[in-house]
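Structure in structure tokens, see below.
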Amino acid sequence: MNAANYLYLSALLFTIGAVGVVVRRNAIVVFMCIELMLNAANLSFVTFSRINGDLNGQVIAFFTMVVAACEVVVGLAIIVTIYRSRRSASIDDASLLKR
Amino acid sequence: MTFTAPVLNYTLLSPILILLGGALIGVLVEAFVSKALRSIVQLSLTVGTLVLSLAQVWRIHNETSMSAAMGSVIIDGPAILLQASILIISIISIFLFADTDHFTALAAALPGSEEERHSLETGNQVTEVYPLTLFAISGMMLFPIASDLITLFVALEMLSLPLYLMAGLSRRRRLASQEAALKYFLLGAFSSAFFLFGMAYLYGYSASITYAGIRESVVGGSGNDVLLLIGIAFLSIGLLFKVGAVPFHAWSPDVYQGAPTPITGFMAAATKVAAFGAMLRIYYTVFANAQWSWTPLLSVIAIITMLFGSLVAIAQRDVKRMLAYSSIAHAGFLLAGVIALNKAGLEASIFYLFAYGVATVGAFAVVTLVRDSSGEVTDLNRWKGLGKRSPWVAATFAGFLLAFAGIPLTSGFIGKFSIFSAAYESGAKGVVFAGVLSSAIAAFFYIRVIVLMFFTDATQDGTSVQLPSALTRATLVISIAITIALGVYPAPLLNVISNLSTFIR
Amino acid sequence: MIDLALQVGQTAAPEATLFWILAPLSVVAALGMLLVKKAVHSAILMAFVMIALAIFYIAQGAPFLGIVQVVVYTGAVMMLFLFILMLVGVDSSDSLTETIRGLRPIAIIGAVGFGGLMVSLLARATLGRNAVGVEAVNADGNVQGIANLLFSTYVWPFEVVSALLITAALGSMVLAHHHRIQTRPTQRELSIQRFRSGSLANAAGLPAPGVFARHNAVDVPALLPDGTAAAASINASLKARGDVLNSSAFELGTVDTSAGEEK
Amino acid sequence: MNWLTLLMVLPLIGSVALAVLPKENEKLVKQVALASTLVVMGATIAMAVGFQRDNIELQFVEKYAWIPSFGINYALGVDGLALVLILMSTILAPVVVLAGWNESQGGRWSVKTFYILILVLETMMIGVFAATDVFLFYVIFEAMLIPVYFLIGGYGSGERSAAAVKFLIYSLFGGLMMLASIIALYVMSGAQGGHTFDLAALSQLQMSSMTQNLLFLGFFIAFAIKAPLWPLHTWLPDAAESATPGTSVLLLGVLDKVGTFGMIRYCLTLFPDASKTFTPVILVLAVISIIYGAILAIGQRDLKRLIAFTSISHFGFITLGIFAMTSQGYSGAALYMFNHGFSTAALFLVGGWMISRRGSSTISDFGGLQRITPVMAWMFFLAGMSSLALPGMSSFVSEFLVLVGTFTRYPVHAVIATFGIVLAALYILIPVQKALHGPTTPGNENLSDLNLREKIAIAPVMAIIIVLGFYPAPLLNVINPAATHVIAQLGFSDPAPTSGGK
Amino acid sequence: MMTSTSLVYLIALPLAGSAILLLAGRRSDKWGHLLATALSASSFFVGLYQLSLMVGRTNSDRPVTQKLFEWISVGTFKIDASLMLDQLSICFVLLITGVGTLIHIYSISYMSHDPDRRRFFAFLNLFIAAMLLLVLGDSYLNLYVGWEGVGLASYLLIGFWNQKPAYATASKKAFVMNRIGDMGLSFAIMIAFATMGTVSFSGVKEAAGHTSTAALTGIGIMLLVAATGKSAQFPLQAWLGDAMAGPTPVSALIHAATMVTAGVYLITRSNFIFDAAPTAQLLVVIVGAITLMFGALIGTAKDDIKKALAASTMSQIGYMILGAGLGPVGYAFAIMHLLTHGFFKAGMFLGAGSVMHGMNDEVNMRKYGALRKFMPITFATFGLGYLAILGVPPFAGFYSKDMIIETAFNSGGAKGIILGCVTLLGAGITAFYMTRVMILTFTGKSRWDEEAHPHESPWLMWLPMAILAIGSVTSGYLLSHGDTLVNWLSPLFVNHGERAELLSPVVVSGLALAMVAIGVAIAFVKYSRNEVAAVAPTDVSIFTTIARQDLLQDRFNEAVFMQPGQALTAVLVKTDEAVIDGAVRGVGRIALGSGSALRGIQTGFVRSYAALILIGAVALIAAIWVVTQ
């Protein structure tokens, strides 16, 4: 067992998150998938922090959580607004603007 | 373990601090000042803050420092130039915000509801945009001067979040506006996840999160480059997303179209400065020694971006979308400046950013003026005969378009010339050639708009040009004056840029 | 050349066990997020992944982060998600059929390509240095270590983040806050308005929620599930006085839809 | 005294003066415009008097730093060729103003705007010939497009906006090709002793032949579009068809000369080797242009398009003369540029008067004008004779010089080109016959002959055409030293007579 | 060489006349014709004055020059505007101004009813000036100016009544065909400059000695092309018949006496080239011989009196060209024939004009007849000209034409015999068709239209005719008596010594007269014995039909040049539109099309955009994967 496995795990989770953004239609689920990507990145930070033997990675991960929290607030506010206007949380419905 | 008390150089940070202070006051104004007064108070507060900040930038324009904020930011010539550019562009775009007709009165009200109608009848609009803008501007100011990844990331989010929000605040066509906000937000968050992931690999590669530390590893790293390259790639995705480079551009036409026009102008101009500022610093200092790895990729992206933007713009029928695609093409041109990786490239990029930014704000300012009874008219077919109805507005718009097209005696030409020559100097001949080619393609649609405005007879459909308010007029006058002045006699600005533009590292 | 996979922290068996149990589970959970129809289930799976990650953080010498992950991320942020899900409709379920042409293959290629390439690249990566481990820097305690960095080296971004938080708060206010533009009418005003609106049909107001009726007046019969008027719903004295209105207007099938919405 | 700057500023002053005049007083606007152009013409003549004709150096040189960080100067100066072309431009300007007294009416915009555009254009016309800094040249080269674009699109007729766009797109495309080359030059100059745009300094650059060829092409394509060379000519007929006659005069007479002027000033000077490499191709294109333009002119039904195609043929001659690399060819080409300005001006102006009176530009709509409007018919005939290079007309001297100069080095090209003179007879005489001869056809009975203003406008043009036909020495004496100089710089000398005669 | 200061007046006087008349416009209607005539006459007197000076000098001093100014000077290409008058040019000067003045006088009356008479005189003066420049220019380029100048004047005068579409077409045809010839002259000048470095007559003459025969042949052939154009020689002869559209004095002056003989002048003037280029010289002879027969044959079938005379002119110039092609011995005879022809043909044209004047401008000889009684003076002058052209002794043609026939026979070998026979045959045919003209016009019964009231012309018209008739009678004798002209011109030509003699002059004269007699007899039998139809019969032999159609020259030109040319033009106009402009528009359409296609990427779905970003990311790491391989 070595630390690199965490990196693989992180990469996989990131991939799953990224694909989730592409395949899911519910705005909230999409947003959760983005959160998953951020979490995956955090796992990499923590793992690299361990490999590098300093705490900078952990600090970044901490910042990421804070920033992500802010993002969630803003993002969910936007999603709710859209939902209230359209009565739908499907991001496919929001395609007025195109071409 | 000992704790070293942090030392912050408040003088050097003051431009940002002033902005943040102004934003906070703005938030308080929201809470305590009566609705009737809020608009004017916020506007004066914001303009005052920006001017003060600009003055502060001017005061420190000869300073350089790497330790202004414990190594988190670098103050040097380019930083000053970029910050000043952002502030100037912000000031002229803030004037546009002030017209009452752009922002919804009540963002929470459902589109089409009774509540919305009532709120609109009051003639108010959301004044929170002012503090939000100030927050965004402080993020933009921080973005190009950040010198560690944390600050970079925080600044990225700081400039993005308010923009996500403001994109959704349009007074008219609110569904589209909210859609723009959603798209911008989701894709922005998506790309910042990549950005963050890239940061992780850079940290893993170099065991450092400061620019200096990463640069050191790039110069003399011990492992292989895989982690570095992945890091560069993902970090670039985040940055390229912000500047709207193909294939990370998709948000920009939709968002430009949906967002309230003043926001679009501000976003298109100022965000580009900030994002390219950061990009220039990162590529010129941190990744400079890994040039072999990223220049080819960036060149390909630049070429695709230029051509794509120009080609698709031809087929557009909506002026805001057309300007969006044009801005994509310009992102491609600016990437040429990044690829150049020489002093000339840096100077050219800064000049271009400023010139382009000012012209962009001006162009969107004109868009705000063309209206019918239900708000702005962005359908190009209804711009027919504009030159007849209001020659000055049309002529001004034509001026901006000519600047975008890079016609001599406008700032766009000097910018294009300098950026292409810098790229050529560095050997990126393919990029220059693609740039020239796409300029030719681009000329086509700029001219088409001029033809529509001047040479096509108007249709009687109620489209008219609103008499610009004093503030909008100020925006227009300042931006066209700068656009032409920089085309006719750019020497002073070029000298300033030349003297200042050296990255310290 | 030191292979990344080779040297970075050969750890003790317990961690390996933990990893090999939790990692597949979290991957499965993450995949599940993509595949389940209901958003709530996705959220639960997400929470599972987060907690698994929290455990990994702790296992990797980042206990502070692990706790924060559980408390803040899983506890607060995910709850926020669930709140919003409730608001949007907890039952809402996604059809997983792809409606955008060509996106499914792109997603699959993207998934396989991205994941495969990343794994392959990571396998190739070398660091050229040994893994250090965080034991040394955690010697004074993980929290202290982080605090030390946070309040000295990273004090500037730390401060700036506060601006971000204000932005977020302000932003959600802008989008969600309704200012009252007119004062809400009082009960009294509503009643007066109702009675003065010309038609007494509205005076009684609408039936309470859950009542299967289209009118709330005492002299109008309630409707039975089959849509016919329920004779028993009328007070006998009213019936006796002959004050009963003809209920045929309210019966299903002959319903005059405009009647109920009459002002 | 900064003569050249003065020349450039004078029209600008005029345009500013126009800008403050009331829009409604059209007569005053026109008078001020005319006065401005006359003043400029006077100043140009005064300057030309002071030109030392045996001095091959640039004269009336001015140089001020403009954008020092790029090594860009505001640098002006003229040699014989540039002087002659500036002279041509400034003489044509008042003629155009006077001749097209009423053509600005019925445009999209006011009469005032028309003349402001004309005056701004005049400034640029002078500047483009006087610039000795490549960057300055390019700036004016491109900026000139804008007033012309508005003149065509705003005041023309028919498909004016489409024609204006076509003109602009073509020109911008060419301009961008040139920009790419200019950038390359600039970068190379930076590598070889400091960034500069000075023409003389740039001509000293060392570069590989591949580079030189590519850069040459960049410049040449721009110029070949401007001075329309087959097959890059299709914008010209459309533009000429749509533009007002005055605009067409400035467009074909002056602006297109920038193309041929540029070939001499920039292509030959900056890329002597590449010029030699491409000479065979260019000569073929030139010959094709001559014949093709002439044949197409014969086939046109529209008078303005016909004139445009004749110009394509004439530009073929000019290009042929330039790349023949003999002093006769070069001087002939230079003189041709001047003469073509006037003969085209005459054709367009008289043709324009005919068209505006008749209300149609279709040749077959005219008929028997000689009986109805003898003076106008004669002027058209004379202009046509000048266009077909009848001896005694100035264009004969230049055309013959080009042919002789070409023949000494490229006999085959010259021989084919000479067939153009037969075709020229056809393309002039066919419209002459259709429009002027024959019985007066319906619709033409009431046309009025030239009025005094029109006579005054056309008189100097005709005088120049005829006087220079018999006595071209004043111009040749100015051009010749420059010609010899350029030819010698390229390492050419005139081929000696093969039989060693005198 | 001696210089003179008065040569310029020769040209300047008529040129000034032309300019004054054109610029003054209608104001000069009253006196314009008088001024023009006076100026032409004064030019003639200047010519006489020059002749008198010239006669007073020795042979070598006779040529004089006058340099006016430096015309074109670029590199070694130096052309002065300078004039040269030598023994050859003075002949032409006097012919041009003399005959020209007579025709001016004639025209005063002939054109008196035309509202544009002033313009006519302006053009006549312009022609005189241009023609004088042609013969006075001291270099090929100066000659070229005059050469095209006479072309212009000819164009203007042919198309003088251009309101008639056919006339306008005729003038255009003349100009264009002349331009083809001019092109030859251009080539000649170019070759001369390229090989000898000079284009002045003296320079070329000097350089001809050491110039390759190939170059000289080239120059010679090109000069011949020029001559065929201007002198209506085969194959550029087609314009002359149509040129009769011009007023008759024009036909007399330009298309009979002077301009059309410019080709002969050119060849004679360029004797030093042809002498050194036998091939070119041979071609000259061939062209002359062909044209001689060509014109003669056309002449037999024409019913239009002017066209018959024009065909005759063509034929007679064929004689001259043939003579000039015979080398040094022929030049003087060619010139002599040119001069005598100038008299008698001009006279006959004026006669024809007089007839037309009296016959309401009718030109069809079949509608004449019996005019002898009504126009005695015209008949007399025309008849004298007729005798002269036939070569009946002692009229002018006898001397000049016999000389050419004789020289042709004596040019040696088979060539000599063939040429001699051709010239003899030509003389016979000439006799035939001229007799035909005489008979149809003046004798027999009248076949007039009803309105015709034939009358004799006023004295202003018959006086010039009479003077020319005198010339037709006497000039031959005067010029050949004691070899006056031959000796006069001899310094200009290289003398090749004695010529071989195949047939003695007497024999030649006898043969010629015999041929003439046969021709006259046939004509007499055919036209005087039989009734002449007023309408041309259509049941004629194929040969007549062809001859009436000018030996199909126009059909040939139409089929070989015009129709393919028009087709080419039409195709190119379409090609320009469809292919070249189409390519440009195609590029535009491709750009627009690809723009529209690429728009498709922008579907409006966030997920597609995310997919795009994801694909971009995959592409980036794939690239990394490749480079780190």
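So that you can tell them apart, the chains are marked A, B, C, D and E in the order they are listed, and the count of residues begins at 1 in each.
To be clear about the criterion, a residue touches a chain if its C-beta (ideal position, glycine included) is under 8 Å from a C-beta of that chain, and two chains touch if they have at least 3 such contacts.
Note that the structure is a prediction, hence the values are computed from the model and not measured.
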item	value
Other chains in touch with both chain C and chain D	B, E
Graph distance between chain A and chain E, where chains that touch are linked	1
Chain nearest the overall C-alpha centroid of the shown protein atoms	D
Among all chain pairs, the one with the most C-beta contacts	A-C
Gap in Å, rounded to a whole number, between the CA centres of chain E and chain D	36
Centre-of-Cα separation between chain E and chain C, whole angstrom	103
Interchain centroid distance [CA atoms averaged], chain B/chain E, Å	78
Computed distance of Cα centres, chain B from chain A, in Å	25
For chain C, residues contacting two or more additional chains	4, 100, 103, 106-107, 110, 114, 118, 121-122, 124, 127, 145, 154, 157, 161, 164, 167-168, 171, 175-176
Touching two or more other chains - residues of chain B	107-108, 150, 154, 157, 161, 164-165, 168, 182-183, 186, 190, 194, 204, 207, 224, 226, 230, 253-254, 444
Numbers and ranges of chain E residues touching at least 2 other chains	588, 599, 602-608, 610-611, 614-615, 617, 621, 624, 628
Pairs of chains satisfying the touch condition	A-B, A-C, A-E, B-C, B-D, B-E, C-E, D-E
Chain E residues touching chain B - in the complex, by the definition given at the top	588, 591-592, 594-596, 598-599, 601-602, 604, 606, 608-610, 612-613, 615-617, 619-621, 623-624, 627-628
Chain A - residues contacting chain C, complex	1-9, 11-20, 22-26, 28-29, 31-33, 35-36, 39, 42-43, 46-47, 49-56, 58-59, 61-63, 65-74, 76-81, 83, 89-90, 92
Chain C residues touching chain A - in the complex, by the definition given at the top	4-11, 13, 15-16, 19-20, 23, 26-27, 30-31, 33-34, 39, 42-43, 46, 49-50, 53, 56-57, 60-62, 64-65, 68-69, 72-73, 76-77, 80-81, 84-85, 87-89, 92, 94-96, 98-100, 103-104, 106-107, 110-111, 114-115, 118-119, 122, 127, 131-134, 136-138, 142, 145-146, 149-150, 154, 157-158, 161, 164-165, 167-169, 171-172, 175-176
Chain E - residues contacting chain D, complex	22, 69-77, 81, 141, 144-145, 147-149, 152, 159, 162-165, 168-169, 172, 175-176, 179-180, 182-183, 186-187, 189-191, 193-198, 203-204, 206-207, 210-212, 215, 568-570, 572-573, 576, 580-581, 583-584, 588
For the chain B and chain C complex, residues of the former touching the latter	1, 3-6, 8, 13, 20, 23-24, 27, 30, 69-73, 106-109, 115, 118-119, 122, 126, 128, 131-132, 135, 138-139, 142, 148, 150-151, 154-155, 157-158, 161-162, 164-165, 168-169, 204-205, 207, 221-224, 226-227, 230
